[in-house]
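One chain, chain A, appears in both complexes that follow, with chain B as partner in the first and chain C in the second.
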Partner chain A sequence: MTDTSNEPANVLEVHDLMIEARPHGAPPIPIVKGVSFDVKPGQVVALIGESGSGKTTISLAALGYTKPGLHFSGGEVLLQGEDMELVSDERKRQLRGENVAYLAQSAAATFNPALKIGEQVTESAVLHGAMTQEAATQRAEELYRALELPDPDRIGGRYPHQVSGGQLQRLMAAMALVSRPSLLVLDEPTTALDVTTQIEVLKAFKKVIQEEGSAAIYVTHDLAVVAQIADHIVVLYGGKVMEQGSAEQIVTNPQHSYTKRLMAAVRPSPVAGLGDSMAGDHLRDVPALEVRDVTAGYGKGADGKPLITVLRDVNVTIERGHVVGIIGESGCGKSTLARVMAGLLPASEGEVLLDGHALPPSVKERKREDLQLVQFVFQMADTALNPKQRIGDIIGRPLQFYHNVHGRELREEVRRILDLVELPAVFADRFPAELSGGQKQRVNLARALAARPEVLLCDEVTSALDTIVGANVIELLKNLRDKTGVSFVFISHDLSTVASFADEVVVLYAGRVVEKGPVDQVLSPPFHPYTRLLIASVPELRVGWLEETMQTREALAGIARGVTLTDVGCPFFDRCPVAIEGTCDKLTPPTREDQSGHGHYIECHREVVELGGAGATAPA
Partner chain B sequence: MSEQDTIVAEDAGRDVYDELPDAPPKSRLRLSWVGKVSAAVVALWIFLALFGPWIAPYHEAFFIEEDAAGNYFDDPSFMLPDASVSAYLGTDYLGRDVLSRIIWGARTTIGISFAATLLAYFVGITLGIAAAVAGRLTDAVLSRIVDAILAFPNIMLGLIIIAAFGSSIPLLIGLAGLVYAASVFRIARALGQDIMVQDFVEAARARGEGLWWIITREILPNAAMPLATDFGLRLVFVILFISSLSFLGLGVQPPISDWGSMVRENMQGLGNGLSGGALASITPAIAIATLTIAINLIVDDISAHAGGSLAKKMV
Partner chain C sequence: MMWNMVLRRIGVGIVLLWVVSVLIFALTQILPGDAAQIRLGQQATPESLAALRKDLGLDKPWYIQYVTWIGNLITGDLGISNAGGATISSLIGNRIGNTVFMTAIVTLIAVPLSVVLGLLAAMYPGRLLDRIITSGTLGLIAVPDFFVAIFLILFLAVQLGLVPAVSYLSGTESFWKSIYVLALPIGTLVIVVSAQMIRMTRAGILNVMSSPYIEMAILKGVPRKRIILRHALFNAIGPIVNVIALNLAYLVSGVVVIETIFAYPGLAKLMVDGVQTRDIPLVQACGMIFCSTYVVLILIADIASIMSNPRLRHPK
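The block that comes next holds the complex of A and B.
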C-alpha cells in the first residue's frame, strides 16, 4: 500500500495504529492513538515509555495479538507486507512461529519447570514443521554458543531451575531465535535483573541480534539500557508517539519536552559526592537503630542455628536523621537484614538496638511502642496494600492502633498524611486497584509514616517502578526526611538511586558487610572489588558504554557469575579480579579502615592502599 | 540510520506529565442471558420455598379421596379420574396433589440443603482458616481428620450414620453439614495459606496486629469472593446428597414432601405414561435438575467474570 520500491522492504511497518479497550456497556477507551513507525531489516527499534504508555500493546500488535478486552480500531500493522490486523488465525499462527517471535519479561515464568530446556527451546520450530528435531537441536546449540552460555553441548539437557536467572533469560532468546524469525519482539527482557546480570544479558542479546541479522523491537522504560542496544528510538506517552529518531539523536539531542523529562529521570551514574554528605549536626549520643553482630537465616537446624545462614556477623548503625543505603545483588541478604530489624525474622545471634536498648528478636515479643518506632515499607505496593480496604482505612489503621486516634480526628490526620505524600484527599475513599503504581507506593509509604516512626525500613521501594515514577518517589523521600527527621534504611540493588539519596552506604555481599562508610567515601577509591563491580555495572546514558564496560577487569572476572554463600574465606573469592589464592578462599577477610578517618571500612585481604589504584575504571 | 530525521510530535512545552494509570478500571459483574435466565429460575424456587404453603393449592399431606360425585376411590393412586378437586400435575401413588407436594417440597429440600451448607461453611471456614494460620501440628491434625472424612464415599458415610441414629431433619442437616465441611475446609485452608503469605498480612504482623484482626480484616475479606462462589456449587452438591439419601428412603421421612423421596415413591408410576402418573416422578426430578443446573450456570458466569484465578482456587 505504501511505496517502498526504492528502499529495502521494511520488516515491519506500523501506520497510524489505533487500539481501544471496549468495556461492557461503556464507551470505548482509546489505548493506542495513531502510532506509526518502521522496522528495517537488522534494525533494533526501541519503544520507550512508562507503564500505561501503550508500549507493550503496540509491540504485541506486531504479532497480530491484542490482550483480552482490547481491539484493533484503525491503521495497519504490516509484517513483511501482510497486515496482521486482517490475516486469518491460521496464518497468524504460522507467522508467529516462523517470522516473528516474542520474548516475555520473565524467563522464569516462560519456561515449564518440568521439561528439559532443550526440548522447550526447539519445541516451536519442530511443531511448526520448520525443522526436524535433529536440525533444531543443532541450531539451538549454535545459538547457545552465540549467546555465550556455559557448556553449550549439554545445557539443553538441564531443567530450568538448574541454570541462573540471567542464563534462563538468554535461553529464552535462543527459544525465540531457533526458527530464524525476521522480527524479534523483546518485552522488558532485563528489567527484573540485577545490574551485573543485566549487562551479561544485554551483551549476549546485542551480539546474537547482530550475528543473526534479525530485526527487533525492544520494549523498555529504561533509556540507559536502550542507548546500548537500539538503533532507533520511539518515545511513547499515553498511546502517542512523542518523538522518534536514531538512538544517537534521541540520546544526545532530545527535542520533545517529555523526552527531556525522561532523560532527567535517568539515574545519574554513581559518582562520589552526589549523595547528601554527612551532616554532623544530626549526630547525637545514641544511634536510632543499631544491628550488632547479627547472624540470621532460614530454617531451624539442630543446634538452634539456622539451616541456611544468610547473614553473618553483620554490624550496621543508623544515626538519627540519617539515610543508610544497603546495596548488593539479589541473594545477598538485603531484605533479610531489614526483616531482622523489623523482627519479622528473629536473628539467631546478635541483637537489634533501638535508641540504645536491645529489642526482643521476634515481632511477637516486641512492645507496641517499639514496633511503632520501626516501620517497614514493602517492595511491591501491589501486594503490600490489602485490595479490600480503602486507602483511608489503610492509612488510618496505624493511627488507631498506635495512637488511639478515632473518628473525625482520624479523618483529619489521614488527610494530612495524604497531603504529606502529595496525594489528593479524595483518595481516602478509593481502593488500591484504582491507583497507579507510583500512587500505590506513596500510600505504602504513607501507612508507615502514619505510625510516626523513628526509622523507616524501605525495601526496594523504587525497583518495581518506572524511571520517572521512581525518581518522583525518591524526591518525595528526600522531602519527607527533611520534614520529619526520620531515619531511613534504604535497600536497593540500584547503586545510583542509593548514591543520590543516602548519607551512608553498606555494601552487602553473600550476607557479609564487605564495605561501609559515608556515601562519598564508599563511592570513591579505594573500593572493595565488589563495590567496584557494582559501580561499573550501572548503565550510562551514552551509546557505546556497554562495549567499554565489558573490557574492564571487573566485568571479565565478576559478571556472569552468581552469589554463593560460604562458611569459609571471602565469599567474593570466585568473582574477584584481585583474589589471592590460598588466602582469600581459606580465611575470613579482616576489616580495614581507610586512613581518612571518616568511618570508611573495607573487609578484604588486600591492603587499602592496594585497592585504591588497582584496575581503576574511573566513572565518567 | 542517521539520515532518518527525528520526528517530533507537537510539543505543548508542558512539563507536567501525569502518571498514567496501569490498566483501565474493571467492569462490574454482568450476567449473560443464560445467567439471567438461571437467576430467574433460582429466584422462582426460592420464592416458592419461602411462600409455598400460602401458594400451594393443598397441604402436602392432603389426600384427594373423593371423586366429583362424592364417592370414595377404591384405589387412590395416580391421576385420579373425576376427582372432586383439580390436580394440575396429577396425583401421586397415594392420591396427593403432585403440584402441592413439589411446592411444599421446595421448602424442605432447599431449606435443609441451605441450612446444611451454612453449617458446612461455618465449620469449614473456621477450621480451615485456623489450620492455615496456626502451627504445623494443628494443621496436620485437622488435615488428617478431613482426609479421613473425604476418604469415605459421602453416601456410604450417610448410610452408616443414619443406620446408627435414625433419620430426622436435624440429623440430616448435621450430617450433610459435617460431610461437606471437609471440602470447605480444604478450600478455606488453601485460600488462607495463599493470603497469609501476602505482603499486606506481613505488614499487619510487623505492625503488631493480633491474630483475630488479621483473620477478620485481612484474610476473610479477600477470601469472601471465591468462598461465596463456591457456596453456590457446594449448595448444589448438598441438594444432590440430600435428594440421594431421600431417594434411598433414608432422608426426609413421610408425610413430609421432599423432591428426592417423591422421585422414589412414585417410581411405579413411570411405566404408566405421562397421563397415567409418570409426572409424579418426573416433575420432582425436573425440579432438582433446574435448580442445580441454574445455580451452576450462575456460578459459571461469576467465575468467568473473575477470570481464571477464581476457577483455579475452587476444587
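The block that comes next holds the complex of A and C.
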C-alpha cells in the first residue's frame, strides 16, 4: 500500500483475491470474486458470512493453501510482503507454522489420533528449526498455562482422545502459537462447542492473542461471537465483500442490507416471552408421549444395570401438539433421552408410554404402529439421507411401509409432503447431493412427517446449519406444529432457539432433569443455578459482553468445568455458585414446585425463594 | 479394555479352530468309503474290513472317533498315512521345513518391498512413479501366478541360464546355495504377493491422507515425507497388516501351483498328493495346519490393529 504514515506495515494484505473451482471438463466456477482487506499487527479481523460465502477459502489463502479442486486465479495475498500465491513450495512450508498458523473448526478432527498432543503441538516449531525440542516443549507448557489448561506439565504426554473437546480446542491454539506466528487464522474455532465451553475458549483466545501480540483472522458466521473478539469486521457474501469496518461500527450501525439481514437472524437472548406458546390448544387427557422414571445407559454391567449410567430417574411428559425443548451441554444425556424414546436404546428401568400405553423398551419389539407414531429426525441430514436414493423415494418409503400408499397416489402424497416442508415438487426426482444443507434438512423432516407420526424427535436439527438457514428451518417447524398438531421433542444446546420455539423446556444436567416447566417459567426466575449459567453463557451481540460475563458469579464458579456423573448428591455441586457443602454433595436434591401453579419444577436443595430474584443468598 | 479385546479375539480364534476341526472331520466322514476300505482296496473281504475297522477304531461312534482324533492331534500324533504306512508327522516334518524356509525368505523380501513401494506411490499420487506402480501391480494381480512362474523360467532359466529351473534341495546346501536354487520360486512369490500388499498400503495411506489432521499437518508446514511416515502410516496400519497376514497365509497353504511347477517339496504339494491317493488322515492333518495358519496370522493381524489404536492402548 502507498501509505506514508508511520503505521507499521500490514501483516497481511489481500488485494483483489480471486479463487475458482476447476471441475473436470467444465468451465471454472468462481468462488472468491475479488476480495481485498488488510490485517494490521495485533489486529483481529473477522470474516463473517453464511456457508458458501467463501470465508474459509479466503482465510486459507493467507497460508497459500487452497482446498483440493480450488485454484488461485488472480489478485495477491501478501503475508509480510511475500505473495503466498507465488512463493515456492519450500518457502511456503517455511512460512506455514512459523509466520502464519491455522486453527480449524474441529480440534477433534485436526489432532492426529495416533500421536501424543505434545509432539503435535511442538512439531512445527522444531521442524522449522525455530526451536529445539526442549525449548518448544517449555514454550508449549507456558502456553498451556496461559490457556488455563489443567495439568500443564503432563497434558502434552496425553493422546487427543484423552482430553475434552474444549481442552483440545485450546490445545490447538497452543499448537498454532508455539512458534510465535505473526498471523493466526482461526476458522470457526468455537462453533462446535457448548455455550459454556465457548465462553471459556473465547476468553482464552482473546487473552493469548493480546499477550502474544499476534494478528488474527477470525472466521465465523456468529456475529455475537465476532463482537467479543474482533477489531475489524469483513462481511462476505457469495465470495464478495459486502461491507467492512470496525467491529463497533458494523455491530451498532451496519450499512449494507445483507449485514442488516445477518443481524436480524442473530438469535435474541433467551428470555421469557419469545415463543408463541400453544399451551392448552391441543390438550387432551392422555399425553402423547410420557417418559416415566427412566434410567438408561451404555454397556451391560452386573445385575442388568448399564455400565455407564447416562440418564437417571428421568420423567418427561409431552402433551399432544406441544413442543418440548430439551437443553443441556454435550454429554448431559439429551440425545440418549431421544434414543430411549425411540427405543434405539432400551431403558434399563422405567417405561415409555405412547398415548397412555407402555411401549416395549426396544425398537425391535415395538409394533409397526408404535414405530410409525414416533419418528426420529437426525442431526446430520447428510448422513441420514441415502445418497443413492432420489428424494421422492426417500419420502415415499415410509408412505409405502406404514400406509400402503402406491402408484399415482404415492406421487401425489410425496408432492403434498414436499409442499408441507416448502420444497418444490420437482425435488422428488433429485438426489440428496444436489440439495443445499438447509434443503436436505427439510427432506430429513419430510421423511419423518411422511410416516404421519404423533411425536417427532428432533435431535439438534438446526445445529449444523448457519444462522439464516437455521432460522428458516425453525420457522418451518413452527408452521408444521400449527398445521399438523404433531408433538415435537426438540433437542438443542442452543437456548435461544428453544426459547423461541418450545412450549415447555426440560433442562438436563448429567442425566438428570434439573428444571422443567413452561418455557416462560423456566426462562424467568426462579432459576436452577445450572439454567442460570446456561442463559448467562449465550453470547450477546454487543462489544464488551465477554468481559462482563466472565466477572459474574455463575461464570466464575461454573465455566471451565466438565460434567461429572455422580451417584450421590447433586451432579451440579462442583460448578454451583450456591452449593451447600455437606448437603448438595451428599443428598439427592428434592423437587420443588414454584408458586405459579404452571407446573414449573426445580430440583435443588435451595428453596424456591432462594433461587428467585437476582440476589440469591450466598453460600454459607 | 485393550487386553480384554485381545483375550476375546484369542478366544474367538480358539473357537474358530475347533469349528474348523469339526468341519474337517465331518467332511472326511461324509466322503464315501472309509480308511479301512481305502487301505484294503475294492477286493477286500468283509471280514478283513471289519478287522481293520476295529483296529483303527472306525467301528466306534463318530463322536468317539472325533475325540480320539482331536486328542491325538493336540498331542502331536497325526496318525498313520494310508498310503505306505509312514507316520504323518514324519511326512509333514520333511516338508514343513521347506515351506517355512520359503515363506520366511519371501516374507522378508516382500513385506518391506511392498510397504516401501506402497508409500512411494502414495507420496505423489497421480505422478509417473505412482502410475507405474499402480498399473504394474494391477497387471500382476490380473495375471495368474503360474504364468509369472513360467515366464520367469523361460526368461531367466532357459534363455539366460542364470538360475536353475527346478528347485530341488537335497538338504545339505549352504544358505546362499539354497537361495540360489530357490531364486525362481522366491521371485515368483515375491511378485505375486507384493502386488496386493503394495496396493493396499497405497490405498490405506491415501485414505488417511484425506483426513483433516493431514490437512492440518500440511498447514503446519510439515514436509510430505514426514506427513506420510509419521502422521499417516500409523493410522493406516490396520488394513495393511491384515492384507499382509492374508498373503502370508497364502504362502503357507496356497502355493500348490508354484510348488508343482518348480517341483519344490512343500506342504501344499503334500496335501494335493494326499488328495490324489485318498490319504484321508494326511489331508486332515494338512487341512488343520493350513487353517491354523490362517487363524493364527489373522489373529496376529487383528491384535496388531487393536494395539495400533491409541484409544485402546491408552484409555481415558
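Throughout what follows, the second predicted complex is superposed on the first by the 604 of 620 C-alpha atoms of A that agree within 3 Å, B and C clash if a C-alpha of one lies under 4 Å from a C-alpha of the other, contacts with A are read in each partner's own complex, and residues count from 1 in each chain.
Convention: contacts are C-beta pairs under 8 Å (C-beta built on N, C-alpha and C of every residue); 3 or more make two chains touch, one makes a residue touch a chain.
Note that this is a predicted model, so its numbers are computed, not measured.
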Inset, instruction - Record, for the superposition on chain A, whether partners chain B and chain C clash or fit. - result: clash
Inset, instruction - Applying the touch criterion given at the start, work out whether A:Phe401 contacts chain B, chain C, both or neither, answering first, second, both or neither. - result: first
Inset, instruction - With the two complexes superposed on chain A, say which partner A:Val455 touches: chain B (first), chain C (second), both, or neither. - result: neither
Legend entry - First, second, both or neither for A:Ile318, with chain B first and chain C second: neither
Inset, instruction - Could you let me know whether more residues of chain A are touched by chain B or by chain C? - result: B
Inset, instruction - Considering only the touch criterion stated at the top, classify A:Leu63 as touching first (chain B), second (chain C), both, or neither. - result: second
Inset, instruction - Could you look at A:Cys584 and tell me whether it touches chain B, chain C, both or neither (first, second, both, neither)? - result: neither
Inset, instruction - With the two complexes superposed on chain A, say which partner A:Leu495 touches: chain B (first), chain C (second), both, or neither. - result: neither
Inset, instruction - Look at A:Arg368 in the shared chain and tell me whether it touches chain B only, chain C only, both, or neither; answer first, second, both or neither. - result: first
Legend entry - Superposed model, chain B segment overlapping chain C, candidates 115-123, 151-159 or 169-177: 151-159
Inset, instruction - Could you pull out which chain C residues touch chain A in their complex? - result: 211-213, 215-223, 226, 230-231, 234-235, 308, 310-311, 314, 316
Legend entry - Residues of chain A defined as touching chain B within the complex: 21, 23-26, 29, 31, 43, 50-53, 69, 231-232, 237-238, 240-246, 248-250, 253, 255-258, 261, 342-344, 363, 366, 368, 371, 375-376, 378-380, 383-389, 397-398, 401, 433-434, 436-439, 447, 451, 468-469, 472
Legend entry - Complex contacts: residues of chain B adjacent to chain A: 1-2, 4-9, 11-15, 17, 19-27, 30, 198-200, 202-203, 205-209, 217-218, 221-222, 224
Legend entry - chain A residues touching chain C - in the complex, by the definition given at the top: 60, 63, 65, 92-98, 101-102, 104, 106, 109-115, 123-124, 127-128, 158-159, 161-162, 175
